[in-house]
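Handing you this structure, nothing more for now.
Chains: A, B, C and D, in written order; residue numbering restarts at 1 for each.
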């Protein structure tokens, strides 16, 4: 098994370099002239040249790339034009909020995704199948801002069940910053009030964000379950007397979920991406909101820093998923 | 009488309309007997087997007939009762060993699952019994094999495990749907020897389904020949193979290359077996039969040639003396 | 539960063949979801084409006297902050969204499947190289990459379209390559090689035609995703810039008013949802149609 | 006609073919029999040019087919192959007409136009027991036997001298198999063809072949005239193969 893991790690390094090269291209090469951005159209020639020199834009391309990579390894992703803070510090402060939102959305998507997927597969071509599939397809087609809008108007505006924005009520005393995840920190500290409140704030945004991935997972689980249920060994086991539900749970579900893991990895990454819009709608102080605001200012260091961090995270998640796949499937492991 | 299939008719609902797959098929099996069912593709032989343990495809419908197992009709039993019979009373072995076992579960565990379904034993006992059944099917170092996964075994070994699974109870009847077709000749020979010894040792009767007349030759006591969903001939294996009566059986044996003179072309039945959406009124073989006459357009009668050898064909004279009375095909 | 056995339905012969089209139409009708999808889609196409005839208003014409009017008989969907009729803007926006969606996905589909087919057939070195490149591109979550690319290229509709094409190509390359690897093992390809035919002929005549049907399913599904992506970019202010009647941009500007002028961002949102939904339903139906397993 | 000298084929660590040598005379049917994994199809693929041998050489009428890494066809269409699975040997998207015309593309233009005429296609289909009305249909509209006839028609359209038959009837029903075997024999007589007949079915080999080579794990263990091999097999493996062969005739201890 080790050789497989070894060359997966080599692949990881190769892909991370590729990703960093593309973010380099996007931030320094494509946008034409970042110096012009900073100075602005009316800036005089002298300051323009000074900034070009300072940013090292006059050096040949590969030198710029080496500087860029040196920067990444030392944690210097450049300073954000908008906040004048080092980009990495901004991202670190906002990262836990996004992570918490994504985790809850992920749990929501996985739990219901697998359940609906199994039901639509087992009850194939019946009314349950069509209902399940219709809900999952609406998930893919529903723009997050529309569902967010409707949920806020109804549940916040009219019914007032859920808070409309923010991670926790203003008057609530913030839990100490251990992991940065309010729900986890408040539990660690035993502050149940804060836990209940932050959980209350999490419900609506995580459902909105999670619903999109729910449908991809339903679709994958359904087709994978159908594949397995049509396999010969299910029929042989049935002919040997094993009951239908025993087969669905102990034989079919286990083998159907192995290929689904890869989809789970992908949808976790998609959630990181999707958080951008959700955070904007719910005024959620996460990395997504930070990036959206920096788009307005065409704040390249911030945008590219965010893209790099998200993508590297995404690649690592996919690697973990691949390794899980190897461990779980004996055919690959032996 | 262990199993009696009476006038079983099955048809399929598909995009192309209703296709009749079985038409009034009757088969009976006594205790300890090995029965062969021979037919080409589309003859409905596999459908008969699946109808017995009610594993037919969901858009298949049983139009008429009964399947009496120890005089109880299996068709009227509900899913729960049928489940109790599958594996316990009637075991089944399928054709493709490559896909018949759960690829991600150890052999021993799969066996134990089936054993614990039929006998009230603890997990540990089930595991020991599993190793026991592996030994029954003559698998060397059964302990090691029970820890292995299916993809680590050869085709022949896997088919032995499939037989062990089917014989776990052990059942009174083992249905084998082309169990050796996917195997090499030498391995096929071993598996057939194994099945024969298991049948004698445990008193299990076998319903052996194949397209290979030669295999049936020395393996089965009696044989049924099927064509297009109907049984056209049946009798002791020696009679049917060496003194075939029905034109289809005779033509089938003639077209086998074994022992034929290489310089002469093989006797051939024109056309090919294909599914009839609308069943022909008379004999099913009418389209391809060399001896057909106008009376063949109505349903051929059963003509007996000796105590248990019959053929459903107008051209066959009832109990006529010597076989020479037959016309050359 | 549908356990499938290998002898049903029986093989066919020349006498009872139903033409392939009739079979496909028969199955297509079976799935209610696809019918709903096709219905919505046709509605959108009709609305997009006949937009000028259906509405008296000009999508760009400002009319301050009718600012923020709620939905009424004059303005079915109400008006925006500068008095423009929202229904008209949605109709004209349909042309943009459908047009862009289709062009983006078709371009990406063509480029991607050709590269994929070649990578799949030509095997080892070339195939591996292409796949590593695609792995890098696929390392970015699609929305994030599209966002960064559009920001880098400068926010505009054209750049947003280009970004989405670049984001979509790797999906098709990977799909086409995996299909090509299957087709390459088929005996009719091996036979063609024994005739001494050129690789180009084999790719063009055997590999690409047999890779097309799964690509078509992916194209239909991606159409929905493309429309959603364009609208999201517009919403983030990266895609079409106002005053262009692009749905995403409309929501982006209308967003602040959602509490009291609820209709302003809601109707374009519903339009996006319905358009994306119709393509997804169609794609799902097509996948069932072409993939025999799930209809058995 | 065809000479094989100590042919070897290694797939990374497994040796599928271990220096096999045999000859096939003109007009003869040479049988290669062996169980799955014996390397018989690998040898067929090497002769037709789909697989490059690790070492050893293949000569057709004295000329090398493989030199170093490239497959040198003497004349396009001289050697043809018929595969086992009728399902996948015809492109589902093409009509029968374009399937038959495909091998002609590699021939010089004059010959291609002359052989590609509708009348010639019609004659060809009739020789394999089909007719012109089938030209514009697609493969999925035909049964296994008919599809195999089309594959044979495609193989003989370029008037080859040597045809490799890789288990041509294993996927067919017995009654259909007899029709195809008769067709192959008829074509051999009419066109003086030479066959390399690959199969795992001994009774088909006995009927079809003049001489037979028995393969076991990539090695040619025994080679002889068909009648001699069946009547007095020398090697133990051949004996085991023949004894486990199911037979119509009475054989007491077959499954004792």
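Everything below uses one rule, namely that a residue touches a chain if its C-beta (ideal position, glycine included) is under 8 Å from a C-beta of that chain, and two chains touch if they have at least 3 such contacts.
Note that the structure is a prediction, hence the values are computed from the model and not measured.
Once every inter-chain C-beta contact is counted, which two chains account for the most?
Greatest count of contact pairs is found between chains A-C.
Would you identify the chain whose C-alpha centroid lies closest to the centroid of all protein C-alpha atoms displayed?
Of the chains present, the most centrally placed is C.
Using each chain's Cα centroid, which is most distant from the centroid of subunit C?
Looking at centroid distances, B is the chain farthest away.
Let me have the rounded angstrom distance from the C-alpha centre of subunit A over to the C-alpha centre of subunit D, please.
Using C-alpha averages as centres, the distance is 56 Å.
Suppose each chain is reduced to the average of its Cα coordinates; what separation in Å results between subunit C and subunit D?
That pair's centroid distance is 47 Å.
Which integer distance in Å separates the CA centroid of subunit A from that of subunit C?
22
Hey, what residues on subunit B touch two or more of the other chains?
41, 55, 272, 274
Would you please write down the residue numbers of subunit D that are in contact with two or more other chains?
143-144, 146
Hunt down the residues of subunit A that sit against at least two other chains at once, touch-wise.
235, 238, 244 - these are the residues of subunit A that touch more than one other chain.
Over in the complex, which subunit C residues touch subunit A? Could you list them?
So the residues of subunit C touching subunit A come out as 1-5, 32-33, 132-133, 135-137, 139-145, 147-149, 151-155, 224-225, 228, 231-232, 235-238, 251, 255, 258-259, 262, 265-266, 269-270, 272-273, 276-277, 279-281, 284, 293-294, 296.
Tell me, which parts of subunit A touch subunit B in their complex?
231-233, 235-244, 246, 250-251, 254-255, 258, 329-331, 334
Of all residues in subunit D, which touch subunit C in the complex?
On the subunit D side, the touching residues are 48-50, 73, 76-77, 79-81, 83, 85, 88-94, 99, 102-103, 105-106, 134, 137-138, 140-144, 146, 151, 154, 158.
Subunit B touches which residues of subunit D in the complex?
Result: residues 35-36, 143-146, 173-179, 181-182, 185-186, 200, 202-204, 206-208, 226, 240-241, 243-252, 254-256 of subunit D touch subunit B.
Using the touch definition up top, name the residues of subunit A that touch subunit C in the complex.
It is residues 11, 14-16, 18-19, 22-23, 26-27, 30-31, 122, 124-125, 130, 133-134, 137-138, 140-146, 149-150, 152-153, 157, 219, 223, 226-227, 229-230, 234-235, 238, 244, 248, 269-270, 272-274, 276-277, 280, 291-292, 295-296, 298, 300, 303-304, 306-307, 310-311, 314-315, 318 of subunit A that touch subunit C.
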